[in-house]
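Next come two complexes built around chain A: one with chain B, the other with chain C.
This part shows the complex of A and B:
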């Protein structure tokens, strides 16, 4: 038993394991980079780095092809910690190596946290427009809004994921009816039934109420292109105590929400990009896109925005431009793009609570490497001086 | 004699370098094309001499800077550009468009034999096929750049080059006119008559038909120039105005309809055309001098750079460097066989001279651009070579065995060759895209990471020397082997430090700019792989998991890893960093990787006898 335990320990502290894991991680990064051509950066992160086993679709079946980032990173972490616990000795000579590896442990942990906690949203603003929310560019939600009251809307947002569970009866206290998903298409195009050209494949549309009843649905393959986004569609049936209130077709393609009255209140229903509301608002005053004289090479993009809070504590103008984002309320707003003939700005909104960790780990690693190689160099030059 | 040999070689090298620094002068008694090349124009977002336009355009068209005519005469870039800009259709007959793809030739109904050097064709030769070329280009354009076939890429390249040529021609003088100066002066003198005639014609009243037609014809040409001209040669009246205030000749000529008098620059260009076509040396040189003096008054500080750039291009320090590095390599190789000290020292001197020359070259570029050394793929090649050569000088000083000199000569030469090929896409002092426009991060992250590339390559090349000498010759004795092992190890440590710190700085840049430290972008991943690979080699060594030959094989593989990070990721065409898209280098990259794999096989394949004996593949027992 003890022999087995020792063997176990020896395996986890061995340099062989380190080297093997390093080789695997180099390969993992390489494969993930290559896969980006097909999958785009987000799907690649989920598939290769934020997973224990990489599943690759071969002829429609997911086949495990490689250990994932969590697996390799986790083992590397165990290996590192175990090796250092086993061989730890507080000497000046080893301080450099220990700093480097301590920094590395922190870096791996930081990346794990980032993967779990980081959120990225987008904020699109036309010149003159004000918004107090940003939108996810990967996730969607079914928004059921009670806008009976002229001044306040009561928003109930159902995550897209719950709509994929067909037949599941969603009942929430804020709504006097249940929502039952009947069909879900991760990417689909809609068109008025009378305009559908011959030969265009459409699926059954059981919608009975709202605009959806007049539309034809064409499911599309999921896109992974970085500049394209999936536009999902879903059929949801609403049930009151007295029975069905109708089946609605919702899609992120439909920009206007569908309206109905029930239980003496006014409701709107829409599938939309998931929103993150903020306790403040941004107004785009001006977007400018400078080019170098006589060329189309962009010299600078910048958005002049006004940041206001309802309580009036903040009311100021901010200039967001390349390499100079706005940091506010734990979020980073950076200039990500533009649209609409330079009249619309697209700001990326990033929430990364573990942003500080990489800085600390970098500091540790740099100090450690300098210490280590500095000592080498010093020893070397002493030897040469002596020789 | 032997004692003085290194110094003698150094003196020769200095003479050679000195000879390239002489001020270029045009031939006496002829219109001075060299002075013409110094005139400033605004193009590609910056003010540069016509000389740079000529050189980068020719490199882009035909991969070299001089034009060899069918009758054997050679034209300098400046002479070629003067003919294009000033001499009407004369330059149409010059073979400057390189076409290599047989299908493109077939499309244009040309044969390789019709071309100068079997591959260069003149505008005249291409004219009959232009419609067909444009049609094919329009078919190819909607295809995504990375998915285009080689034929499609070549069609688009040729079509763009021809477009550029036509736009260039419309830059100074109204096109297709026998005597532009006469045309312009008579235009100015008869302007009121002409305008009146056109007005009457519009009102369908009796008018001077000839005057109206002449005027409309010229107006059409001006408009063509205003729409298409490539160069913006006319500076603003006011020195403090932005670069965007520079104007093209066509727009300025069109203004004549309001002002009644032709602007001085626009008229001078036609004067130049007259003098150049008729070989009027004095007139030509005087007009050039006046134009220079005129700009000098308002833009003196900028003309300093324009002049320096002309001198810099003429001196071509990086071409001189190539010669020096080849000489270094040959001397160092020879030193392994005979006179190790003498030849080794000579190699060291030349390497140092090459390094100083490159330092000066890179510094000049930095000053011209007002930027840190690495701003695009071209300058990264220069910098990789420079840093590696610098490291080699240090190594050679510590271990004077001609080893580091050989590696330095090889890397220096290779880096400059790569840089030359990267320069074929156009002006190498191009403007920075908005996302990269941050001198602070360019100076830190980019420089440090590029030094990391340098060091990883150097370790790989030293390891390659080890393998080659060990496998193919008997010259790898214990001492040499030990020295090489130490060098490779030292450089690897250095490489790990710089690639790690560089990668981390990149992360910090990303966090500062985009709010996230790491985005798994291909270029970031490439840098990460280098760090991981270097760390792996160091751990293998510390754990004694492989012998010297195994370690050398790993270090050689580092060459492939670095090349992937440097160029391979740009081939993917995705991500934030794909600014230096280079598909022409693809096969070169594959060939290089294959050669490195052969070296690795030589190092570790069991049963392959090494001609030099001592070091084994198994770890040496300590």
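This part shows the complex of A and C:
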């Protein structure tokens, strides 16, 4: 038993493991970069780096082909910390090495935390428009809204992921009916049935209620391009105690929610870009797209926004421009784009509680390297002076 | 040193194993209602929206669409998910040009007053009172269509901007044609815009 334990420890503290893992990391980066040609950056991050095992589809079946980023990074982290715990010695001579390794450990931890905690949303504002939520660029949700009250909405947001589990009854205390996903298309185009040209492939549409009954569904291949997004569609059947209330076709392509009445209340149903509500609101006062005089070459993009909180604690104007984001309430609002003939701004909203970690770790590593090389240089020059 | 090491090793292996399990959950919350819909660009652009969508009335308004004829110098703009069509009108000598955005939404989308005031707001103009709306709107009868258009100019805020906006009720939906751009370009394009409005016809 003890021999096994020693073997276990020896494996995790060995330098050979470090070298092996570093070599695997280099290969991982190489393969992921090559795969980016087909998948785009988001899918590559999920497939190669934010996974334990890289699964590659061969003839429709996922086959494990390489250890993923979490696996390699995780083992590297364990290896580094274990080696330090085993061989740690508090001496000035080794302080530089320890700082460098400490920085590296922090860097790996930071990436793990970023992968787990970071969320990226976007906030689109027309000039004069106020919003207190941002929308996901990559994730969607089925919003079932109790619209009865004149001033407030009771929103039940069902993540898109749950719609892929066909036949699974989703029961939520806030809803007097159950929601059952019947079909799910990760990317699909919709058209009025009467407008479908001959030869356009369509799938069976069992929608019985709402606008969906008039639409034809054409599934599209999933896009991985960075500047494109998938527009999913789903068929959901609603069930009350008395039986089916109808099957609705929902899609992020349909921008107007579908309405119905049930149990004396008014409801809306929509598949929409996932929303993250904030306890404050932003109003776009003005978007500026400055160009160099006489040319179409952009010089600066900036958004003058007004930040307000309902309690009046904050009510101020902020200018957001390139490299000058607004940091507020744990979120960072970057100027990301514009639209609508320069009258709509697109802000990227990033939640990353661990954003400072890479800076701290780089600082630690710099100090460690300076210490280490400085000490060597000092020793060398002393020796030289003595000789 | 041996004990903390073994504790560390087993703890980190368990963390590694657990960190892969994340399940998304259904949430219920109460929010204040959003103010009246702002039709243009109120959702992230979906660049891969099927090209066919541009010519159908599905995404934003039900029912049949409209046909039109554009002047030759109006160039079709990039497809956008919320738009039926976009046309770009170049400025003179590389100066910024104007853009015609075509959108359509079910119902009356708040009515002419709300929409005219929305456009006024975008030009930093004060809202109109209901009594002043009739004077601001110009009425046109184009075939079976009865439409109103409005001309708005914001001279104060450089560069001066001008908007020509038409509201076309058709088959239970409202179509919006908004020509927006530098004051001089839009003013110059007004005859072309009016000719364009005269060319509107129900699609079927």
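Here is the rule we go by: the second predicted complex is superposed on the first by the 368 of 387 C-alpha atoms of A that agree within 3 Å, B and C clash if a C-alpha of one lies under 4 Å from a C-alpha of the other, contacts with A are read in each partner's own complex, and residues count from 1 in each chain.
FYI, a contact is a pair of C-beta atoms (placed from the backbone, for glycine too) under 8 Å apart; a residue touches a chain by one contact, two chains touch by 3 or more.
Since this is a predicted model, take the numbers as computed values, not measurements.
Enquirer: See if chain A has more residues touched by chain B or by chain C, and give me that chain.
Expert: Of chain B and chain C, more residues of chain A lie in contact with C.
Enquirer: Could you say whether A:373 touches chain B, chain C, both of them, or neither, answering first, second, both or neither?
Expert: After superposition on chain A, A:373 lies in contact with chain B alone.
Enquirer: In the superposed arrangement, does A:273 touch chain B (first), chain C (second), both or neither?
Expert: The second partner, chain C, only.
Enquirer: Please indicate which partner A:166 is in contact with in the superposed arrangement: first for chain B, second for chain C, both, or neither.
Expert: So A:166 meets neither chain B nor chain C here.
Enquirer: By the touch definition at the top of the document, which applies to A:322: first (chain B), second (chain C), both, or neither?
Expert: first
Enquirer: For A:8, using the defined touch cut-off, is the partner it touches chain B, chain C, both, or neither? Pick first, second, both or neither.
Expert: A:8 sits against chain C, while chain B stays out of touch.
Enquirer: Give one of first, second, both or neither to describe whether A:295 is in contact with chain B, with chain C, with both, or with none.
Expert: In the superposition, A:295 contacts both chain B and chain C.
Enquirer: For chain A, what residues appear in both contact lists, the one with chain B and the one with chain C?
Expert: On chain A, the overlap between the chain B and chain C contacts is residues 291, 294-295.
Enquirer: Going by the contact rule at the top, pick out the chain C residues touching chain A in the complex.
Expert: These residues of chain C touch chain A: 1-2, 4-6, 8-9, 12-13, 16, 19-20, 22, 24-35, 38, 40-50, 52-53, 56-60, 62, 80-82, 94, 96, 98-99, 101, 105-106, 118, 121-122, 124, 180-181.
Enquirer: Spell out the part of chain B that touches chain A in their complex, as residue ranges.
Expert: 42-46, 232, 242-244, 246, 398, 430-431, 433-435, 437-438, 441, 490, 493-494, 496-497, 500-501, 504, 507-509, 511-522, 525-526, 528-529, 532-533, 535-536, 539-540, 542-543, 545, 561, 564, 569, 572-575
Enquirer: Would you tell me which residues of chain A are touching chain B in their complex?
Expert: Contact set of chain A toward chain B: 15-16, 18-19, 22-23, 25-26, 29-30, 32-34, 36-37, 41, 44-45, 49, 110-111, 114, 118, 120, 226, 291-295, 297-301, 322-325, 327, 331-334, 348, 350, 352, 355, 358-359, 362, 365-366, 369-370, 373, 376, 380, 384.
Enquirer: How about chain A: which of its residues touch chain C in the complex?
Expert: On the chain A side, the touching residues are 5, 8-9, 12, 52, 70-71, 74, 77-78, 81-82, 85-86, 88, 112, 116, 122, 124, 126-133, 135, 137, 150-159, 161-162, 170, 172-174, 187, 189-192, 195, 197, 200, 211, 214-215, 218, 220, 223, 225, 227-231, 252-256, 272-273, 277, 291, 294-296, 339-341, 343-344, 346.
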